[in-house]
Amino acid sequence: MSLNRRDFLGRTAALTTTAMLPTAVFADGTIKLGSILDASGPFDAYGKPMDQAMRMAVSEINEAGGLLGRQVEVTAYDTQSDMALYSQYGQQLTRQDKVDVVHGGILSASREAIRQTMRKTKTLYFYNVLYEGGVCDRNIFINGVTPAQQVEALVPFAMKNSGKKVYILAADYNYGQITARWIQKFVADNGGEVVGTDFFPLDVSDFGSTIAKVQTAAPDLVIAPLVGGAHLSFFRQWAAAGMKDKIALASTTLGVGNEHKVLTPEEGNGIMCAYNYSQELDTPENAQFKEKWAAMFDGDQSMHEIAVSHYHGIKTWAEGVRKAGSLDRMAIIEALETGISIMGPGGKVTVDPKTHHAVLDVHLMEMQDQQMKVIETLPQRQPVDTQAVCDLSANPNDNTQYEIEI
Amino acid sequence: MDLSFVIAVEVLYAVASLVLISAGLAVVFGMMKVINLAHGEFMMLGGYTTITAVGLGVNVFIAMLVIAPLVVGLIGLIVERLVIRHLYGRLVDTMLATWGLSLVFIGLATMIFGNTTTGISTPIPGFAVGDYQISGYNFFIIVVAVVLVIAMLAVLRGTRAGLIARGTMQRADMAAALGYSPDRIYMATFFCGSALSGLAGAVLAPLVGLVPTSGGAYIAKAFITVIAGGPSLIAGLLSSATSFGVVNQVFTFAISPVIGEVALLVAAVILLRLMPQGITGRFFKGKL
Amino acid sequence: MERSLGKDITATLIVSALLIWLLPMMVATYTLTVLVIYGMLGLSLGLIWGFGGILCFGQAAFFGLGAYTYAIAAINFGESTVPMLLAVLVPLIFAAVLGALMFYGRLTDVYLGVITLVVTLILFKFVNSTAGPQYVIGNARLGGYNGIPGFQTLNVPGNPDAYIWGDPYFYFCAVTLVIVFLLVTWLLRSSFGRVAIGIRENETRMALMGYDVAARKTVLFAIGAAIAGLAGALFANWGEIVTPGLFSLGQSAEIIIWCIVGGLGTRLGPILGAAGLAYLKFMLGQQSLIDNTLITGLILVLFVLFLPKGLVPAVAAPWKASFGRARRRPHARQRRKARHG
Amino acid sequence: MAETVLETHGLTMRFGGVTASDNVNFSLKARELRCLIGPNGAGKSTFFKCVTGLLTPTEGQVFMRGQDVTGWQPHQIASLGVGIKTQTPNVMDALSVHENIWLSARRFHDAAEAKARTDTIIDRLALGGIARTELGQLAHGERQRVELGLVAVADPWLVLLDEPAAGMSAQDVDRMTEIIHELTRSAAVVIVEHDMQFIRSIAETVTVFHQGAVLMEDHVDHVMSDPTVRAVYLGKKA
């Protein structure tokens, strides 16, 4: 043995004493909000603005006198885009920090990594991201746009501007697979035809042969639920091949992480999409929101779709607490289930009691000079996809993510 | 007919980009028997250098072909002086140290440039072949790769530095015995290798969305290509890039990009199992 | 290796009993649990690399394979005992086949590294692209990038409703690690272990003595994979979700860094390296001053440059030196080099 | 008539266009001591590697005690009871002398027996003083001696040594000669060497290699005085 026992004991003692967990100690009477986001690593383009949105929402709440007369205190963990850390910090937030609510999770995988922990430990959980739909669990509230809200609006809009033959290029994971199926359904519903569907793992960045393949199918429209930095190169390569003026392009994800600001106008112009939020939304709420954001973060303007969803989520939770008049989890859930609404930068957001998803405005947009120009607003769309399978008022103990049969 | 032309261009492009991706690593490995696992990050830095330079108003081709290689070459030089030179002859240790460096570069790039995807657009427009549109930039990549290979051949064959380099590749101690300081040779080699990595990263930058972790996508491919190529620098690079590029594209076209990538990897396993010393360990022995 | 086996076992048992008793008072058990699991994963590579000289760039492949095997089997069987056994057996068999392929092909160092790296990449890419509904094993959807959540976690054998989780799960993992550690100790003291060390030191010489080097490396490689697989199954139980990230190169890289920092050629080094660095990573997640990747990278570079043998041997060296057994391998190296030249 | 322990038929090894070993027919009787000599590049080492399984010959066969072992792996050949020492010292540097020799003994005996045999060999080779020292710390001569020790401890009936005396002091060489003589009591020994002094002191029959082929095979005195052999050596030296 290469280590003697005394050395070992000595070292271990040193290790453990210096490495005592910095247990969060808060003043009595604060309300603890747990945040769990990828603020570093490959997903931080999503996570950093979400973190900012969370801090802004909390400071607004506190400036307005807090909730129930108490200040809201944030306990935030950076999961570094590592799914294993979600399990770790999820446990830490619920068991050690004993927070009153958890807001966070970005990718669906990260949500599924902590959702059961939240449920087991009876910690109220908000997931505020555009996603594939279908989660049915009374402990969770979801503020993001689902495919029925988004795709159902986007597909006819995009087909009207191009034609009936559609080619789908989707990210190869849960979100992309399910969204692709929704696109197929809505294309068929609108009398169109899907001439091809290809899936790409998140690390694929070379689309040269795909672009050639798409051309052999000669579609009128390409819909691309592609995700992440590697997939961004598709839009560049598409433009570089001179395809932009030949075949129209729509996406369910481009712009969520402010990608349209990275693409040049030549690459981005004319790409169609549909979201709950655009920085170009011309409403007093949005103007005020952008102004406050700039004031709080030194002129920064990095707010995007899911940062705003996150902001909505925290405001919704705060509204629920006010209405419940207590921090009791069930009381808040029941208060939220009355179908309360808030007004945010993305418009009016209402809790759907049956699914715990959100009823919200969807805006049809087109990219123009690195902006997302709003063409049309479809007000107060229901999450009909999830509503078709999930009814929490009838089955309050449901705990599934349904894959909706199309 | 048009389609087969398009496919042929795509295959050529795949081979060319593998050559570009691997050249820097191959030079350093061939000359110094050092595997530089920070190679991918050197490419990433090349990309960022280009984007920064273009942002400052420099012509994009000058940024890609001159500034990026120089800047990354200098970074390589610093790395060689600070870290690599202490580890010569310790293959595994160098791999680990450069791996650590790659993480350091990712961290630094994140702190400086942030983790948001950035990029520049391709400076060459696409054009039509029959009914098909193809990217003009693909041709540019192919041309750069061809010029690069010819330049490497010319340097190795025709110059005194090339002669010393070839000597070093054969017997590292010979060059020393002939009075050339191996220290100098290694410094120069690492500079050239890093510059090549920077060039590759810069030239490929307009095609991809650049993030600090972009390097990871390159290093595995480059590593596999170089090792499968075997001891001969240029013959190895060309033969393995060709094999993998063709396999990759054929499967990508026939089935899907994932299968294309997997086919490339499976080909690598089979190749190394059959020829443990790489392709040029068995064929083209003693060639450059 | 000078002390008797009995003394070694006693020491291990006393120290680990103390640690299992004391540590939960200082660090929360769910954190400790994952540190213990990472320790086991570190040990698995420490065994084959530190004592067998096999540098595997894909130890994460076996970790992931164990975790996925467990998750898939647990969904199909609805209990945890058979899945645990499968999670050890599947990586064992996979590694045995892969090892035989490599070692009988006389692949060494870099080439071995490339193959293990490539195999990990293939597994990663495959699992990562299984999001479609056609990828099903029994009742288990592979789930692609999102992984597999919601499987049966560890239960008392024979009673699928009696879950072992929370604190008891920590004690279960800790005791498992102690058992694995003792098995490794025994293995290294056996003739098999000594021959393995001989092979690490000089493969040709061992072959010239008549040892079937390829067979022995294959067996050792498979044992390492089995331990990694066990760690994977424990990790799956801890996280209650398995994702393709388990197969990633980043994960493999971390395992290698643990071994380097902790110390190769020791049994404790990789365990302490793993637990220490994983803990550091958790701590770093709570600050945003310096980028975490940067710190990990710096640690690796500094260790390779200044403490290439790792912490444990460095701490143990002064003690050893006073007994006149300090290694002076660099000298030997220079001498050999001089002769070759 | 003693048994033939090692025999090659038409052994040929080509590397690309170079024929390093050319149609070598060789035979060795039990307990015979044979030296293989020849200038650099004469094909001695290639022949040695083909016989020990480190290389697989392009053509021809190798027989050991009548068994065809062509293309066998080194460990299979060693398992027959063949002791092999390669040109460069091939030992486990981080292990002690005792551990090195024990590992060799353990191949053919159980742990206890291996320990006993190791102790005996260590005594016989006068390595007792350094038995617990790691090989990496030993001088070149000592390392060579240990390597012979781990060959001897396995009780081989055929021993193949590639340049055992290279780089050793005169005193070390004397000791080496003694050990080799002791080995020949139970084993046939083949020594590849170009140190003439050493060969004169130890050899009876010598096989001379030149350009991959056997030039001549005779008693050491005849070989040394043979004009062709001298020409070959001098030609090389010039």
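Chains: A, B, C and D, in written order; residue numbering restarts at 1 for each.
Here is the rule we use: a residue touches a chain if its C-beta (ideal position, glycine included) is under 8 Å from a C-beta of that chain, and two chains touch if they have at least 3 such contacts.
All of these numbers come straight from a predicted model, not from anything done at the bench.
K.L.:
Walk from chain B over to chain C along touching chains and report the minimum step count.
P.N.:
1
K.L.:
Please identify each chain that touches chain B as well as chain D.
P.N.:
The shared contacts of chain B and chain D, listed by label, come to C.
K.L.:
Looking only at C-beta pairs that count as contacts, which pair of chains has more of them, A-C or C-D?
P.N.:
Higher C-beta contact count between the two pairs: A-C.
K.L.:
As a test of understanding: of all chains, whose mean C-alpha position lies farthest from that of chain A?
P.N.:
Most remote chain from chain A, centroid-wise, comes out as D.
K.L.:
Chain A to chain B: how many Å between their CA centres?
P.N.:
Distance between chain centres, rounded to whole Å: 37 Å.
K.L.:
In whole angstrom, how far does the Cα centroid of chain C sit from the Cα centroid of chain D?
P.N.:
Distance between chain centres: 41 Å.
K.L.:
For chain A and chain D, what's the span in angstrom between their mean Cα positions?
P.N.:
Chain centres of chain A and chain D, defined by C-alpha means, are spaced 72 Å apart.
K.L.:
For chain C, jot down the residues that touch at least 2 other chains.
P.N.:
Only 125, 129, 291-293 qualify.
K.L.:
Quick one: which residues in chain A touch 2 or more of the other chains?
P.N.:
Where chain A meets two or more other chains at a single residue, that happens at 40-41, 172, 199, 201.
K.L.:
For this structure, give each pair of chains that are touching.
P.N.:
Result for touching pairs of chains: A-B, A-C, B-C, C-D.
K.L.:
Given the complex with chain A, which residues does chain B contribute to the contact?
P.N.:
Chain B residues touching chain A: 3, 6-7, 10, 13-14, 17, 110, 114-122, 124-128, 131-138, 206-211, 213-214, 217, 249, 252-253, 256-258, 260-261.
K.L.:
Can you check the complex and tell me which residues of chain C touch chain D?
P.N.:
191, 194-195, 197-198, 201-202, 204-213, 325, 327-329, 331-333, 335-336, 339-340
K.L.:
Please name which positions on chain C make contact with chain A in the complex.
P.N.:
Residues 1, 3, 8, 11, 15, 19, 22-23, 26-28, 30-31, 34, 125, 128-129, 131-133, 143-147, 149-150, 235, 238-241, 243, 245-246, 263, 265-268, 272, 276, 279, 281-283, 285-286, 288, 291-293, 312-313, 315-316, 319-320.
K.L.:
If we count contacts the way the header does, which residues on chain C are in touch with chain B in the complex?
P.N.:
Its residues touching chain B are 55, 101-102, 105-107, 109-111, 113-115, 117-119, 121-122, 125-126, 129, 249, 253, 256-257, 260, 290-305, 308, 341.
K.L.:
Which part of chain B faces chain C closely enough to touch in the complex?
P.N.:
My answer: residues 35, 83, 86-87, 91-93, 95-97, 99-108, 110-111, 173, 216, 220, 223-224, 227-228, 258, 261-262, 265-266, 268-269, 272-273, 276-277.
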